[in-house]
């Protein structure tokens, strides 16, 4: 089973390599290859889910190959870097999310676009990076995959983006490049700190986590932990597009092609949250607690600020970007709470936001394809010509504003339970975001689908069969998690319990 | 007796004169000359230390010989470059040599 | 049968899913049959549950694991109490009739099936809300009914007013929901459970507290927060503004959702969690005051409105205010009783109004009606019954329940509330009969051919009217000496909640007189015209008239105090986001580029400049380092 | 600065030579005509050779005269003739550049002076007797050059070859 | 002998510096070859002779690794003239870099000379060989005089090589600038050496370092002054900010292969010199002087990268990039101040040599492509690369990989090199410097990716591109393979580094 993980990571890469040998104008073949190279990982991820033991906190399906040893580090120790993959209850949901969204986004991608072959090449490279991030157990490897996402994204935005693609691609690149500096520093710093305690200098996530859990304050000082966490936090804030480092996200969403927007909103920006859970909560819980108030306040600022800004956006894509920022603020709240409910809520929120971002960007992409615009003011009455898209848009908007029965709600509930436990006042302020979300989402949704139909759009077509697959699947997952959250909760529960006992102990 | 400092001071003054000349004179030949002046100053330093240094030794004199040789080679190449430069630009003014900038 | 209570919401859910599968092209007859049958089945099951509860007492909760959060378990399930059972019956009954009525009302609409889908979804959600054994599940369905309300109000999405009303309904109630949300989250934080029973236990043992607040204060806080949810949902002052606007939806929707069921959910919630409220006298006081204010406030507005549905809507708000006030004065039974009777007669009034509207081509302005008695006899009769019930005239249903509320208010010692209630009762009688007289008597004031074509609708529409009319007449008797106060005994199966009030003949007389006075005034003004209504409105009472007519300018107030500032803040923040937050980012980028240009142009091609810069760097490096390192600062 | 300085023939000659060297250096900086500048640098070279002699480096001084005052100065003159023999250094406008250059050079010199004289370093009192008292300077140098420093010596020959070849490559006329 | 004169046996010299001697002899051989054969023949074959000489030298150096590892520690046969010249793996590894760089330069030149008939091929070839000898001397000597001569041999040869297109105004101008600044730098470095000599009385730093340690307290200002003067002198050679100003102009003016030679071999030699001089000369005092290296490294990284942002001329852009790379390369040495024990030194050497190898591959590859592409486009701005992907996909992809490697993107040698340096910096606790390193690389994305953008996202005017000449293609492939193999499997090289006996 362990090799499945390797396969999941390498299949898109393999697909990309195969694409190199496809003639430039064989666009159909290119798309087919991309479909296969993302569908197989989805299947494999599904079978991993089936074989996953949710009662076990350890990394499962682990594979480990020696890769790099850097000698003479730290009193003649060697820094071990391995090609180590594995999943636990935390990474599995992210893996599934990635597998799902990357596959669905291929379906959405048009094989008729110009330079389609290259598009799929970069796309598959991006997918490799994304998969790798969530299954890497070695921090070096993790970082490698994280950086690997940058290059394809640059091209995907830069070649297939909107009017301002050039500057936006560079902004994306440099901004996230800077973010990875903080992350890398923190990674290496953690490895060294752990190595100084355990005597075993390695970038292995699990052993670093264990070492930190066992280390006494004499061995690893709190100052070090808080310091390294701050460095890490800056990286996370940028990766995750948190205020005040969020401004790359609206631009990116505005310019990126639909499928890429789906991937960015659905998976790419969730890497930051994953790092926050994995490293922040998993390795540096003391530091998270030390900065709990800061994080919580930041979370609330994100929730409300982004919601208010979303209120006056004129472009769906930007509105959704700010909406995602606002929702992810709840993640910060939940994490800051550092209790079971808060953490679980935060993870749920991340996954839910990923699904919903994917869904919403897909729908807006479909609308844009038909009407040629995403400006909210220019749309209207689309329920009539495209009732199905309008219906799904409605469902997605409702899910996004936290309607029960969909994934957003249960996430919010848990996150706020956690937050209210820890800091009731801050949490209470944060709940205002729930109302604001309703205001801007309903406004935009109604402006688009309700009201009299604009003449130009009277005869536009509704969704086509192929396009409806991602729409339906994503909605199904949103509802599934909303109705039966245990499907996700049981996965992450053990991991969270592990984290929480560590805080107590 | 002349103290070590006196020699060193003389060397420093010469060095600075050379430096200033190299940075301000307009004719490339004079710039090269100024650089020679700097090397001469270094030679004074070396010889001073060879005679009066903390651990006097003949090595300083040998060093000086090498320096002088190298300086000569440098000047030779420098002048050769100057001549081909003059051929190309018809000017030996260092300030005219700004084809490449920015 | 009680353990099968889940069947009640299950039937409409199945109907919903079936309709969903059937799709848009399904035949109207099949659709209606399916929906009505489902609802009817639910009604039958409800009745049997009611009888079993009556015999064996409450049952449940039946709980299933749903989600594990760390060491906590969240569960779903259902539970049947007396209150639940009563609600189940009321909801299924009214639902069935409304589904039937809609067949006629929505006849020919392109999205007929969608309408029924939404209705079934609503019924499912409402029933789910009713049988929820815990606050979280209740909240889930609470939101779902809100969703259905949104969908149904905005059913005619192409009408901008409908869209706006739907949005308003959703957002305003959501503001209330926020309080409820915080409330139940706080409850969970304090007790670790969402179950009603667990919460009540914690209250009994005085353990409902949190480390930063004492038990009493915390209970008050939580109670008020939960009540805020009820304010939103039950359209209490100050969050009432959405309900009148919601009349943009199809009339059956107004009857079912905005009269009989969903808006009563707030009252139901407070009643369901009554032990919590009882533990906090302060919270009860707040509730009573809010209820009283709402009752009189909405009644005053109702006096001058011209839209037939809006008048009824304000009357709904007012009556909900009564119920809330009743709960506030601990008149638990009176409140729930009024909840039930109100469901019948208000649904009746709406459906009758709908029948009128349907008959005269969707005109809702009572100034353009008149003399419809002859054309719509059944509608007229049933409307009259409803109006009488609403006005509290014996022996109609409203009389019994309203009377009990007034008694409760008086006996709780709160005279002001009592007086408010009386005035509201007077106003109620006045405005509903104003509508009645203007609609059914006199000459038709609209277009002639409309009047000529007006006729009673088919039996699908009249049958519900008749059935509801019957209920409006007899339901009140359930808690009267006639039946030996059966309702009260039944409700007490849940435990002796609230205070029991002695009925008094004097009170009955008083309220009847007040009601009759109102009717009389309406008669004088709009039937016999011995008092000129226009003159009054334009005379010295004009400021008051305008105040009432413009709904006390509450909408405008909200617009300028809340909406406009929020939008401005949002605009400012957007500006900040673009020019400051992102501006700094871009400025940094620009600064980098500009300094790059600076460095580029410092490369001026002059070798001596290069040398000079090298020299200056040298001097700086050596100078500073020698100064720092050797000068002793280091 | 001059405290404890005993006026002897040696000191007098040192100051005279120093004065000559510096004067020539200043002339180099201030003269207009390029040819004169080249002449003044010859003065410097000769003066410096005098200093070398004072430092008991006769062989080096000899080479200095031979190489610098002879070969290099002549080479410079040839170069001047080959380019523009009437080249005149036009008077400098007082721009920022020479000012900064003067400031920088002066600061550099002052730093060196400070380190050499005022930083608290105690220089050894010069031994009156030469460390290689009575030995033949040329022999000493030669021995060092051909024993310990034979590798750099050989390398220098390569440098000279490079210089010669390079000069020819760059300067010879097109064929 | 009794008079204290050590005689030097040729066999001993041959033992330690055989590759250098061979290269010098080959240089002379080519010189003679030029004299005795016709111009055309000389022109045609001398680059090949150069290549052959380089290959021989490379083999000898690789053989020398074995010699070093076979010798007992402290074996006197590994040094000559009182540690004036050493045979050790430090020198060997640098020599591999130098020879490898020169070899690639030479290969590139075969094509370049074909297109530039005004360059005299034999002179060009043996000057390059002599320059290489200078670099090798810089890597193997402990003697200040020898180091200085090696430095000058490299520099003077480079001056001539830069000016070798003597009818090209830019070429001669670049040479003039290089010469003026380089000579001043030599004078300054020499000035510093003179002070060092004054304190130690030695021209040998290995021996002198004891004196330095003894005199540190008394002579601290003078020693620090001496250190700084040498640092500045060498800093000019490796183009540290603010001593880098000459680099863009010279790089632009020089013939392309020479530019790559300057930016790889010359720079690496500078680092060899710096490492030799400072790590040994100031071994015990290093923690006190490392602060200057830290400052210079930081300033160089920042300014080098920022200056490149607005640059449109591709050669100047690479010049600034190489300035920035010098900043990165200085980090391992700079953080040694807080290093403890020999391991820290081995780590620093490992980082430097790894990065230099990575730098060698990517820079050589980039310059080779640049040569072909700019020649065809007729200009040297980024516009020359517009739409290259559509014209010549392989060239664009290869150039893209070199750019990504320079930018430090994963699975390239450049990435692992930077990571390695970062590990070293964090190992000694210099988080800020490590952070700055990667931060400035992130800024550098802007200009590296601009090249990518031009190649992949723009349309080009012309639709055709000449195929790469085979010599250029060879260099590109070597660069590609090196860049990717070192990036994916760095341990192939790290393990080699691990077996090295850096100092015999």
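Per-chain residue numbering starts at 1, and chain names A, B, C, D and E are given in the order in which the chains are listed.
Just so we're on the same page, a residue touches a chain if its C-beta (ideal position, glycine included) is under 8 Å from a C-beta of that chain, and two chains touch if they have at least 3 such contacts.
Given the structure is predicted, the values throughout are model-derived calculations rather than measurements.
Between the contact lists of subunit A and subunit B, the overlap consists of C, E. Steps from subunit A to subunit D, taking the shortest chain of touch contacts, total 2. Shared contact partners of subunit C and subunit E are A, B, D. Taking each chain's centre as the mean of its CA atoms, D is the chain most distant from subunit C.
The most central chain, judged by the distance from its Cα centroid to the centroid of all protein Cα atoms shown, is A.
If you tally contacting C-beta pairs for each pair of chains, B-D comes out on top.
Centroid to centroid, with C-alpha atoms defining each point, subunit D and subunit E lie 31 Å apart. Centroids of subunit C and subunit D (each the mean of its C-alpha atoms) stand 100 Å apart.
One simple way to say how far apart two chains are is to compare their mean CA positions; for subunit A and subunit E this gives 43 Å. Subunit A and subunit C have Cα centroids lying 37 Å from one another.
Contact with two or more other chains is made by residues 174 of subunit A. In subunit C, the residues that touch at least two other chains are 600, 603, 605, 607-609, 611-612, 615-616, 618, 622, 626, 630. Among all residues of subunit E, those that touch two or more other chains are 145, 149, 152, 156, 159-160, 163, 166-167, 172, 176-177, 180, 184, 188, 219, 221, 225, 248-249, 443, 446. Which chains touch which is summed up as A-C, A-E, B-C, B-D, B-E, C-D, C-E, D-E. Only residues 19, 22-24, 31, 94-95, 97-102 of subunit B touch subunit C when the two sit together in their complex. By the touch criterion stated above, subunit D contacts subunit E in their complex at residues 111-112, 115-116, 119-122, 143, 147-152, 155-156, 158-159, 161-163, 165-166, 169-170, 174. By the touch criterion given at the top, residues 144-145, 148-149, 152, 156, 159-160, 163, 166-170, 172-177, 179-180, 183-184, 186-188, 190-191, 193-195, 197-203, 211, 215, 219, 248-249, 252-253 of subunit E touch subunit B in their complex.
Of all residues in subunit E, only 340-341, 343-344, 346-347, 350, 404, 409-411, 415-416, 419-420, 422-424, 426-427, 431, 434-435, 438-439, 441-443, 445-446, 449, 452-453, 456-457, 490-491, 494, 497-498 touch subunit A in the complex they form.
Contact residues of subunit D toward subunit B in the complex are 5-6, 8, 10-11, 14, 18, 21-22, 25-26, 28-29, 34, 37-38, 41, 44-45, 48, 51-52, 54-57, 59-60, 63-64, 67-68, 71-72, 75-76, 79-80, 82-84, 87, 89-90, 92, 97-98, 101-102, 104-106, 108-109, 112-113, 116-117, 123-128, 130-132, 137, 140-141, 144-145, 149, 152, 156, 159-160, 162-164, 166-171.
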